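Next come two complexes built around chain A: one with chain B, the other with chain C.
Take a look at the complex of A and B:
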């Protein structure tokens, strides 16, 4: 009951957000210069040829009508077809989703495995020194300020010059060749994880520092509990609350398709697909891809809200 | 008489601030006897919390020990290694904090927190029995509750139960009832005092509530400017105060006024010391000060059956300007 009351307004807000995203992605695509006809037919064609293309895909209709027809079709489960391949967009997206999911899981796993322990270590150390300075701030600032295309380019350069086990490009599914799959997926995964490491490290560090000033930590110290016990019993759990939110946002961002990294490393995921769709002005791909990414992002965040309420009994409690 | 449970001798503690060091304790000396209830009173900033927390070395990292010693149950607290300090805290000390709502882990059920305070894996009966000793009704419900689901008074009883869980020799309660509703303060305080009496432990209450202290403490130490300026039996100090600061404190406290008389606020603000005070720290606010008070540091002397840090204690008693106060 507590969860229902807590989640209902979030679901309503999510629907409003999705409506906004659909309008934005629809409009911004139409506002881009050039259309599918230009891409398909090239610059030297008659106006009649363009009109035929426009008519075939309904692009000559008023924008409002186009938008309504798109939304109506989606409500019926039809996300449209790719104008380039003439195949349903949703099939193509679903086929690529596992690739993006794997990439996201690698990045999230590395970010959590490195960022959370370092954040706890950094936070507890910073609390002991009077100025609160330690390595955490440096690593956090560095990791958060290196753009992934810079880091990715450096990694590609290094590993294509000295072919050190890793491979750039040449994706194979995990099910057919696990080792070959990891050889191509680990580098882009690492690249994506660096921002996550910094994000989680800083969030954890700040949360730990804040929790350590709370009265119940002093009370635990006053009871004579050793530091390791206090960290395990009280600090990890209390500090996890803000970290859950940040992790969810980060994971949602990863699942939405890490476009730049997928393009850079030729990973055939959702991001690369949307990117190519955009270049071809293949509207249905971009529209469905972005909207579904938004759905995933919002769902993950809602899941985080539930998790949040499970960790912190005060959340959503009515007094 | 056996050695005192707590022996604080010439304790000087400073806090590192931005560019200077603020002195919280300016050579404070105090002994706590076994089995007694001692109250430490003073305004905010008088150093009473620093003194209380120093007994368990629970001071923030910016606190610096500059001089003096503090011995609790035979352990030199400031020099003890981490393991010895933890053993002292675990076996000999029990702390009750001002705000019970922050002294409990918000993400953990009460039952588990109390069980952890008992150490090891006590049975549910042991946990419930401990809560019953702290006069918590409906222990079943309390055990399953999270801290935010309890009232302030109940939460403070849980904190008290956790403090006495391992039968400490010394209980230190920092404003234990200040955050509670006035209607339940007396009841919670009575529980604390009863538990102290049952266990034979010593209890140190840090407070500014003079009425509360008058009812429950054996001795009272009045702190000002990081020193104990008057120390004696409660009846003596509260009914016939000697130090001008004690008198001012009593005059400013509600509940001590003669019907029809006004409450007299203490003029001025407490001092912010940056080094050893070479005068009487209270002199600038004292209506009774003379030139000597501003130039010479007073030392503790025995006057009228108690310790007083005042150059003019004898004159103060003799003058009619300082009538003994009625304590209720």
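Take a look at the complex of A and C:
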């Protein structure tokens, strides 16, 4: 009951958000310079051809009706046809989704494994260390400041000169060749993770600092509990709550838009597909891709809200 | 006012890292603003040196594929990266503050509508939104500014809204209402000074996000177009010659990272000064 009361307005809000996102994406394609017929048929187009296209795609009908038809088609799994390949966009997107998912999981794994412990360490030591010597701030500032495409370019340069074990491009699925897959996926995954390390480190550090000002920590210190016990029993769980939110946002961002790293490392994921769609003026791809990215993002954040309520018994308890 | 002077005091007692950020930021801003009038060389003069020449005493950052001196081009890039992001973020901060105050103060329907609007914008990953905007508006500075605004507007709305919620019920606001002040007056005269601190903190974060987005878009070829240069478009240019002339990518990448880092460090210091978090030792 507590969960339902807490989650119901959130689900409703997410649905409203989803509706708004779909309207924006729909309108943006209708606003394209030149209109859909010109894009399909090129500049030398007769009025009849334009009319035929308009009729076939329902462009002569009221916008509201067009929108409803569009949503209805998507609910039936029809996200449009790629103009270049003449294949359903959704098939191509789903085929590429596992690649992006793997990339996101590598990045998230590294970011959590490095960022969370360092954040706890930096937070619990922050009160003792002098400000300028706090390694958490240094790593946090550096990681959040080097853009992924700068880091990626430098890595590509380094590994093109000393071709150690890694490879740029030449993706193979994990199921056919696990080692070859990792050779191509670890570098982009690591590149993506650096921002996440900084993000999680900083969030964890702030959360730990905030928890440490609370009364039960003072009580534990007064009882003479050793620091290790205080950290494990009293700090870790409390500090995890804001981290869950940030991790969800980060993961949603990774799944939806690792565009630049995928382009840089030629990883055939969703981001590269949408980007190529844009370059080819294949707008059905852009439309479907952007919409799905937003849907994934909203869903992940919904999941985070559920997780949040499960971790923190206070959530929704007082009303 | 004492809160502010205390905050300023804390800011002045900055540590080495903050000082480093501050000095870097001031230097880069100076180069960016006065670059065109400094004797650095002509960024657009073709064949000023050898093609793809390595860094030397004459050409600190080497030369590009047209033999242009790369250093003044980087300075030009600093200018447009800072300028574009600053313009976008400032516009966004004004709009976001007004919307956030309206949501927090008016409540009810306005609050719901504005909060949902922020959620909708927030649901688009910045670069994916960038692809859509580039499709609609065409690549260029206009779409870069739009994408930065889309990405940072929710940050301002959310923070200003939550701060406003905390002060909307306070005595001085009620007093102003009873005295018959208009809604606009209450927002601008009574609420705005109280949300300014939070806006300043967000402004620095938004600026660094804006610089990342601008350079990322330009790197993809969707932002600043040649012959103009931003740090991102210089990286794009350099990445074609990464293996034979790495100094282009390395110099513009290093300057871009330094620029973003200096904004972040100064932002951290501003935040620590305005809302200090004190930890306690565990022994």
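Just so it is clear, the second predicted complex is superposed on the first by the 267 of 319 C-alpha atoms of A that agree within 3 Å, B and C clash if a C-alpha of one lies under 4 Å from a C-alpha of the other, contacts with A are read in each partner's own complex, and residues count from 1 in each chain.
As a working rule, contacts are C-beta pairs under 8 Å (C-beta built on N, C-alpha and C of every residue); 3 or more make two chains touch, one makes a residue touch a chain.
Predicted model, so just to flag it, every value in this text is computed and none were measured.
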>> Taking chain A as the common reference, can chain B and chain C both be placed on it without clashing, or not? Answer clash or fit.
In response: fit
> When the two structures are overlaid on chain A, which partner does A:237 contact: first (chain B), second (chain C), both, or neither?
Replying inline: first
>> Between chain B and chain C, which one contacts more residues of chain A in the superposed model?
In response: C
>> Which partner chains sit in contact with A:275 here, chain B, chain C, both or neither? Use first/second/both/neither.
In response: second
> Counting only touches as set out at the top, which of chain B and chain C does A:312 meet: first, second, both, neither?
Replying inline: first
> After lining up the shared chain so the two structures overlap, which partner does A:221 touch, if you call chain B first and chain C second: first, second, both or neither?
Replying inline: both
>> One more residue to check, A:260. First (chain B), second (chain C), both or neither?
In response: second
>> Going by the contact rule set out at the top, does A:210 touch chain B (first), chain C (second), both, or neither?
In response: second
> Closest Cα approach between chain B and chain C after superposing, in Å?
Replying inline: 6
>> Can you give me the overlap between the chain B contact set and the chain C contact set on chain A?
In response: 127-128, 130, 218, 221
>> Using the touch definition from the top, list the residues of chain B that touch chain A in their complex.
In response: 16, 56, 58, 61-62, 85-91, 93, 95, 97, 99, 102-108, 116-117, 146, 148-149, 159, 162
> Taking the complex as given, what residues does chain C use to touch chain A?
Replying inline: 15-17, 21, 116-117, 119-120, 123-136, 138, 208, 212, 215-216, 219-220, 235, 238-239, 242-243, 246, 249-250, 253, 256-258, 260-261, 264-265, 268, 277-283
>> Going by the contact rule set out above, which residues of chain A touch chain B in the complex?
In response: 127-130, 214-216, 218-226, 233-234, 237-238, 311-314, 317, 319
> In the complex formed with chain C, which residues of chain A make contact?
Replying inline: 13, 16-17, 20-21, 24-25, 28, 31-33, 123-124, 126-128, 130-132, 137-138, 141-142, 144-147, 149-150, 153-154, 156-157, 160-161, 206, 208-210, 212-213, 217-218, 221, 227, 230-231, 252-253, 256-257, 259-260, 263, 271, 274-275, 278, 281, 283, 286-287, 289-290, 293-294, 297-298
